[in-house]
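Shared between the two complexes below is chain A, which pairs with chain B and chain C, respectively.
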Partner chain A sequence: MKRRGQGLIALAFLAPALLCLAVLRIVPAISAVVESFYTESLLRGGRVFAGLGNYTDLLSNQDFRQSVGVTLLFTVLVNPIQVVVSFLLAVLFTQKAAGARLWRTLVILPIATPPAVSAVIWSVIYRPDGLANGVLERLGLPAQPFLTSSGQVLPSLIVLLSWIGVGYWMLFLIAGIQEVPVEVREAALLDGASAWRRMVSVILPLVRRPLAFVLVADTVSNLLVFAPVQILTKGGPNGNSNLLMYDVYTRAYAIGDIHVAQAEVVILVALTLAIVAGQFRLLRGDQ
Partner chain B sequence: MKRASLSVLGGVIGILFFLPLLWVLTNSLRPGSETFAHLTLSWQTFFELKPTLHNYSALLSSDVGRATLNSIVVSAATVVIGLAVCASAAFGLAAFEYRGRGLVFGIVVLSFLVPFDAIAIPLSTMFRDWHLTNTFTGLVLPGIGNGMAIFLLRQFFLGIPAELVEAGRLDGLGWFGVFRWIYLPLSRPALIGAGLMLFLFQWQSYVWPLLIGTDAKHILGPVALSNLQGQNFADYGLVFAGAVVLTVIPLVVIAGFQRYFVQSVSSTGLK
Partner chain C sequence: MQRKLFVVPAAVLAAALLVAGCGSSGSSGSAGAPAAADSGPASGTITFTGTDNAETYQPVIKAFEAKNPGIKVAYTQIPFDQFNATMQQRLSAKDSGIDVYTVDEPRVSQLAAKGFLTDLSDLDDQVKTKVSAAAYKTNHFRDKLWSLPMWNSTQFLFYNKTALAKAKVPPPTADPQQRWTWEQVEAAGRKAMQSGGAKYGLFMEQPEAYYQLQPLAESLGGGSGIEGDDALTPAVETDGWKKAMQWYGATFASGLSPRGIGGFQTGPVFSNGQVAFFVGGPWDLKIFGSSKIDWGVAPLPYFQGGKPVTPTGSWSLGINPASKQQGMARKFLEFATLDATGNLATTSTTTIIPANLEAQKQYTPKMDAFSGAKTAGAAAITAYESEHTAVSRPVSVGYIQFEEVMGKAFADIRNGTNPDTRLQEATRQLTDAWKSIK
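Here is the complex of A and B:
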């Protein structure tokens, strides 16, 4: 009896959040799924059921297939790079060394910059007469096209996204490393283990959980990269930076094919959900 | 010796990360026409001996200035309403014993873990039907339910002793009184951490404000800045000044609450 009463009171406190959840997450998700099975009919006026038509259209669409390929390539490149770099930086900045706190702060600073603002900044850096080519010139290297080259556009985006993100992910790993008792870290040092061995056999296993969290959360956020593509490249050149999120956006608003765009959203969300479900299991599983 | 080389390595990396921001700051202090004058790299690329605040005063009367004010209003509203919604939900998940509590918790956190941007496009077509485009309500709404904030607050609430609650109940407090007069006052650090999450989510958002609020009265800072940069013959002095302002505001907020920020990051990553 008491339990039942408590449940109802709890529900009252949860109601605003559950309402947000329903209206802002679940309803649009369902609506995307439903709309993805319909199509606009000029003949009959209004929408008609299309079955899997939008999905088969998408799968046979060259731009979509290229976008999937570009997104997969991007995912395979950007996530390992960012996780490894964040881990190495976390190890570096947890060593006792002069100035470590200040240097760490400088690496974290770009977190404050909104991603769209970072994209604007880097659009100037990557200009033919921008900072990047200025640095190359100083080093005696030839100027590079960066964003206008099919081969360089993804690496250029990865550099910009890593500048934004690596400091953030590093914070989680630093927190994880600091959970490792100092005695454990010092003991390995006294045993005469080399720096590399200490990192691989002592620190790495002990930060497995934060590392797994960072890998999954980073993968999800990189699946949904949008601002840099929209601001810097518009998916080009020749679709070589046309990541899925931007492809959905152009399909919905530039091409105006909202039903096919909804089908693409469904595919993107299903992909994200699968990864998030994995993340959730990781978070609970090790407890 | 080894410590020294670690310092140098850390320093080089730190400075490399800092250079783009320094470059932006320097160029915001010189006329836009000079942005590309220091093409060949020299110390002048990163320092300006005769700084002018002209770009900043021009920013005040520009679209980006107005949009920055909009961003402040929208973010502040998101933090206030969002904290009320998230803290109340966390209370419902922490203070009561009932069957299915774990399940509700799982559903709430899991659904909010799906990044909002994934669902932004279908939701924006719904908001269009509901006439919420170009309204502050439309801009604020998606930011107020934040799974990570609920998660963080619940973890903190679970640590509040049951005896305190019982004592409060005996003193005649209703459940809302327990929430308002016992839980909230004891949870300042968690509330600040959750508030920071809500603030940063809203301040950094781009996809949603691009879809839902682009008229002059409702445009937000990052969207206005990207519009400015996209124009032919953009005034880069103004672009850089806008970038500095949009970065410094969250920076000041994070720096002011640094302890809580690091705490909230580490607890969501580890627990």
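Here is the complex of A and C:
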């Protein structure tokens, strides 16, 4: 009886959160899945059940297939880069060195800039007559096209997104490194382990847990990248930065085909879950 | 370790649901929303949404509020780049937070078909006498009137007098009979780059917008890009389109025009004196007035052997069928468009041509003096173009998709993609996008 009473109280406390979860997340998700099976003609009007029609349309669409390819390539590149750089920065900024706190603040600062503002800043940096080419010129290097070239657009976006993201993910890793017991580190020092050895054989295994979190959360957030694409490249040149999230947006609100867009959302969620499930498998295998 | 990792799957699930949530919203309504029977309260605040900055509409709102005590108008600006998508999103969600909104004329058909506009056909007779025939026509869809024309537009060739003088190039005249060709502009632009101190020869204000690029293809007889009885057949691979795009792509490849500068960054390139020739609209007549360089205006060029064609059309005003204040919204709409004083007030801050013919008559002569001697000739150019060379953007239910697909094609051509193959791809993309409309 007492137990049941406790359960009810817990439920009452959880109710607002559960309600929000249902209204803001689960209902829209179900509606997206349902709507993805329908289609609507603008000239004839009326919503018609289309079965898997929207999905087959998408899969046979060249632009969609390219978008999946670009998204996968982006995912494969951006996540390892961001995780490795965040980890190296975290190791660096947990050393006792002059000004470590100041440097740390500088690295974290971009988090406080909204993604849209960061994108605008970088649009000026990447302009043909912008800051980046100014620096290259000073160094005696040729000017680069950056966002206007099919080959450089994705790397340019990766640099921009890492500028925003690396500081944020570093925070989790710094917290992890600071939890490594001092005795362990001192023992390694006494044994005469080199700095490299200490990082790879002592710190790395001991921060595996926050590292796993960072990898998975970073992957998900990078699969949802939208603002910089919308502001800087509109998916171009030639669709080479047309990430899925932006493609969904174009289909839904620019092209105005909400049903196919919802089918694409379902595919994006499935892709995200598959990638993350894969990451879990790999991480589990390490134990 | 495994146990403590439980936070992660929860985070992933939440993120996954977030993605799903983003894509869902109400499905759009069926064709042709009926006029709301209930006109709502007679006093209160109506909301008005558009792309221009708030100052633009201050005079008309002030005049309207003075004339209609008890009604207030709150204006919300959504930047041009995001306007269409945001409106699509809010209108399809039947958001009653928008009463009146600006409608880009070629989009009238699709917005009406989707049920995003209130039928205004009872004003038909009034509109017919008060605006030009072209404006009257573009605001119709399926024989009904859906929006009221507020503004009209045209394009000018702005030139940097200092750079041309330095390069010893005689500047173009404002006389439409002695209109320059693009070939002349290109040659003069190159000279200004070599010895006039200009960084670029030529630049368009909206380098990836159909509105500005349609005249290039039309000048060569390439057509609008849309054909067929239902206006849902792509025709962007005509000789005119191919030639126009080859020329356009080459202006960037050769450095005559800059890549990678877009949106709000284009105007300053001219007002800073970095470019010799700039293609812009009537709004620039005043904006460039604060520039330190000396400049002038000339008619929009055409291709040698082709014919002069200029863009036209601008924003109309429409009413959201989901608005619960139809009566007040309509009062404001009529004041800002059909009332000459009200319509004129919409053009007093941002210099754009009023669509109301009576307002236009009072307005056009003043254009010559918008920026002192620099804008001399602008009035005569405007009058000439609207009578002889103006070509509207095509009326099609598929215009929204068309503009989107073509915008991306122009961006790619600008960045160096082969124009012929890119236009071919655009045809395929249009066919795909229009499949869902038919």
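One rule holds in what follows: the second predicted complex is superposed on the first by the 267 of 287 C-alpha atoms of A that agree within 3 Å, B and C clash if a C-alpha of one lies under 4 Å from a C-alpha of the other, contacts with A are read in each partner's own complex, and residues count from 1 in each chain.
Everything below uses one rule, namely that a contact is a pair of C-beta atoms (placed from the backbone, for glycine too) under 8 Å apart; a residue touches a chain by one contact, two chains touch by 3 or more.
What you see is a predicted model, and the numbers here were worked out from it, not measured in a lab.
Chemist: Would you sort A:Pro210 into first (chain B), second (chain C), both or neither based on which partner it touches?
Modeler: In the superposed model, A:Pro210 contacts chain B only, not chain C.
Chemist: Does chain A have more residues touched by chain B or by chain C?
Modeler: Counted on chain A, the partner with more touching residues turns out to be B.
Chemist: Under the stated touch criterion, which partner chain does A:Val70 make contact with: chain B (first), chain C (second), both, or neither?
Modeler: A:Val70 contacts neither chain B nor chain C.
Chemist: Determine, under the contact definition given at the top, whether A:Gly134 touches first (chain B), second (chain C), both, or neither.
Modeler: It touches chain B, and chain C stays clear.
Chemist: Of the two partner chains, chain B (first) and chain C (second), which one does A:Arg47 touch, if any: first, second, both, or neither?
Modeler: It touches chain C, and chain B stays clear.
Chemist: Which of the two partners, first being chain B and second being chain C, lies in contact with A:Leu273: first, second, both, or neither?
Modeler: After superposition on chain A, A:Leu273 lies in contact with both partners, chain B and chain C.
Chemist: For A:Ala254, is the partner it touches chain B (first), chain C (second), both, or none of the two (neither)?
Modeler: second
Chemist: Quick one: is A:Leu24 in contact with chain B, with chain C, with both, or with neither? Answer first, second, both or neither.
Modeler: The answer is both, since A:Leu24 touches chain B and chain C.
Chemist: Could you tell me if A:Gly167 is touching chain B, chain C, both of them or neither one (first, second, both, neither)?
Modeler: first
Chemist: On the A-aligned overlay, A:Leu157 touches which partner chain: chain B = first, chain C = second, or both, or neither?
Modeler: neither
Chemist: Report, in rising order, the residues of chain A that make contact with chain B in one complex and with chain C in the other.
Modeler: In the superposed arrangement, which is not itself an observed complex, chain A uses residues 24-26, 28-29, 31-32, 35, 123, 127, 129-130, 209, 213, 220-221, 224, 231, 245, 248-249, 252, 258, 261-262, 265, 268-269, 272-273, 276, 280 for both chain B and chain C.
Chemist: Enumerate the contact residues on chain A facing chain C in the complex.
Modeler: 24-26, 28-29, 31-33, 35, 38-47, 57, 61-63, 123, 126-130, 145-150, 208-209, 212-213, 216-217, 220-221, 223-224, 231, 234-238, 245, 248-250, 252-262, 264-266, 268-269, 272-273, 276, 280, 283-284, 287
Chemist: Quick check: in the complex, which residue numbers of chain A touch chain B?
Modeler: 3-4, 6-7, 9-14, 16-18, 20-21, 24-29, 31-32, 35, 89, 92-93, 95-100, 102-107, 109-117, 119-125, 127, 129-131, 134-135, 137-138, 163, 167-168, 171-172, 175-176, 179, 209-210, 213-214, 220-221, 224, 226-227, 230-231, 245, 248-249, 252, 258, 261-262, 265, 268-269, 272-273, 276-277, 279-280
Chemist: Residue numbers of chain C touching chain A in their complex, please.
Modeler: 1-2, 4-5, 7-9, 11-12, 14-25, 27-28, 30-31, 81, 84-86, 88-89, 92, 110, 113-114, 199, 230, 258-261, 265, 397, 400-401, 404, 407-408, 411-412, 414-417, 422, 428-429, 432-433, 435-438
Chemist: Residue numbers of chain B touching chain A in their complex, please.
Modeler: Going through chain B, the ones touching chain A are 3-4, 6-7, 9-11, 13-15, 17-18, 20-21, 23-24, 35-36, 38-41, 45, 84-86, 88-89, 91-93, 95-101, 104, 106-119, 121-123, 125-126, 141-142, 144-145, 150, 175, 179, 203-207, 210, 221-223, 225-226, 229-230, 236, 239-240, 242-243, 246-248, 250-251, 254, 262, 265-266, 269-270.
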